[in-house]
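Consider the two complexes below, in which chain A is the common component and chain B and chain C are the respective partners.
Up next is the complex of A and B:
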């Protein structure tokens, strides 16, 4: 296989509409899955710090069940299992569901840790002023936790985008899937996968850089706070 | 105003409060002193249920807050609390710290809450810091904001849990001055402190706690000049010498 074979790149260029569609599918799937994982993560993560034992048990169970399962296995289970239960979800929906459920567990842990990093005195001050637990969370704890959470959350987004390639196995039409089936037909594997690499890099690298910047800013902000005391 | 009846508190096997009975009258200034680990902080934290007594009852302004289903959050609105570690909300400005609960919890109009907030900030000498963030203030300033924050709820009771213990010595007086000023008004005050000068000057009654019990209580005149309990004498001799 010659990577520099001109006609392979030529063919790839001519198939650009196909790859653009794959890229679009990856972006849309990832975006929706991220939204779902944020909702799951916020709810499950908040349950993990709630003063009620049952809530914490729900958090533990969810996180343990999902974190100890390979994503590939989760995809297989939902893809083959759901129709078995009479639930018919299009492949696209299963992709969003799998990534959302999977990263929801990790984001739940990020959010739980972020909430717990806020000093206990904050909750007590809010309680002493008549805040209920839910109001204290909303106005006092979560806004502060958010600054701590944002960098690791962004890393989760990067992870999620990369993991969307796994959906290739169920033919979800995202860019890894497009690449696989296109190169499968003409054996132009080299240029195809180099292109996919470049596309993933273009999606993930800016996000990862942004996360790094946020993290440094958070560290600096904390340093100032410590100095002030 | 505050009535504790047979209050016991355990932390695991640790018996922190032993059958405490205490009544604080409306408008009274009560100072609680005692060695660390004597249960004085736990006692004051039981008064707004930040600690839930293991047994016994706490009645505040006629409401039994230890009863199941009691409207604790509502009662807490009339009890201001000032903490050793200030616990200002670091993501909010000074003025927002002072107005947040009145607006969100008591439903006061933002304009009115800000107006009264500025009055209290002025009273603690920090109206010029209204737009600053807590991290830009000194410890003494933070604690004064914390007092203004509590006062802007228009509480009937103010609880102070070692308000000057985390402060550098040169900042203690500015906080005590604010508290002395406050004490000259009708508000009910319970203060856990090691500041004996403050206790002497403003309190109506001093109680001495040790090992989870009230060992002695007296008006400050008798308490400091003529304590009867041996432990009180020992404690006072140590702390007044220091």
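Up next is the complex of A and C:
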């Protein structure tokens, strides 16, 4: 059997609406999950830099717990486990929730590290000018940290999109699920997975490139700052 | 490219197989043939067959003894006897397959034949050789007892869990049209996932061939009386191995005619 026979590509082309729907599902799921992970990451990351011990403990607990669990187990527990507790979140919600919670932990680390990379003197100077902790964060630290945070944040977005393929296991209807179901029906695995590669690459590569550019810009900016000191 | 991709797809599985088949034996008194594929099997002295390990009566692995046995395993034995002239279990190497892996394992030559509740259809016939059908099964539904469903009609507007790589979904869609009801689907990678989804009330019914569902029947679940979409099981071989396919088909037809098939079906309580 030829893995790449012409009629397989033909069949794939005819099924394009199916794959377009899968692509849409991947994009929407990833976008919402990214939003959730940014909120979680911002809150948990900020707690990690807070001057209060309990806040830092919350940060460590969350990050350690989530970063040391495989995403697959998180998905399985929520999908198969929650209904037994009487909570029935639809498949789509489980997908967004899992990716958001999972990447939220990584983004929290990115944000914490970004904030901590800003020199202590900045905070002390703000305090000396009568800023409160929250105000100093908002007006002095975060705007500077943002430049440091953005490149790794973008890389997290890339990771998140790639990890959305895991949702195949709960039949989330995203690209990987569509591909597996369709190729499973007719065994046209060759063209199907090549298409999925191409689609994932088309989603992720521009983001990764953008992250690289941001990083270079950040390095240049920091370099000038160091020289200015 | 073709080689690279196919080995990526099933690389892990074939590695497991390589470890499995050692010690080749000299060719013995099997069928006479000049076909290179049959000669290769005879030189190897072992018929590599893909069978189910989770379908009671067809191909099922005993948890205690770890041995795989069933109606389809007996068919493999009959084929090994024809090709290799030997009737002992050393002449067969059984590879547990799923609906997802069986086709790919045939394609890359890891296994010679598949006897694994493999439904014959026109589309699949363009990809593999199938023997004439040796068993006809019907699609039905496994539901939770507490759900109160009595027949397929009750599944109107409900969500049905099916496994990817099965012919079930299409058959249900056709039947639903006939019964003038609408159903929703959740496609999961394998049967155990669908059963877990049924237990978790993620889906209202688990649907596939009745024989396969029997393996998942427990105290909390029951089968609906509906039976539709007859699924004809055939033994599959690689599309290029036409000589092997002919031998397989001849054996199956002989068994169907001389009553051996009936005897086997009775032995496994399938008739």
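Here are a few things to note about the model shown:
One rule holds for everything that comes next: the second predicted complex is superposed on the first by the 226 of 229 C-alpha atoms of A that agree within 3 Å, B and C clash if a C-alpha of one lies under 4 Å from a C-alpha of the other, contacts with A are read in each partner's own complex, and residues count from 1 in each chain.
We adopt the following convention: a residue touches a chain if its C-beta (ideal position, glycine included) is under 8 Å from a C-beta of that chain, and two chains touch if they have at least 3 such contacts.
Just so it is clear, the model here is predicted, and its values are computed rather than measured.
Judged by the touch definition given at the top, the superposed model places A:181 against chain C, while chain B stays out of reach. By the touch criterion defined above, A:106 reaches neither chain B nor chain C.
Judged by the touch definition given at the top, the superposed model places A:200 against neither chain B nor chain C. In the superposition on chain A, no contact is made by A:62 with either chain B or chain C.
With both structures placed on the common chain, the touch criterion links A:19 to neither chain B nor chain C. Look at A:130: by the touch rule set out above, it reaches chain B but stays clear of chain C.
Chain A uses no single residue to touch chain B in one structure and chain C in the other.
Chain A meets chain B in the complex at residues 119, 121-122, 124-132, 135, 139-140, 143-144, 147, 224-225, 228-229. The touching residues of chain C, counted against chain A in their complex, run 1-2, 5-6, 9, 99-100, 103-104, 107, 123-124, 127-128, 164-167, 169-170, 186-189, 193, 196-197, 199-202, 238-240.
Of all residues in chain B, those touching chain A in their complex are 48, 50, 73-74, 76-77, 79-81, 83, 85, 87-91, 100-101, 104-106, 135-137, 139, 149-150, 153. Residues 1-4, 79-84, 88, 91, 168-171, 177, 180-181, 184-187, 189-190, 193 of chain A are the ones that touch chain C when the two sit in their complex.
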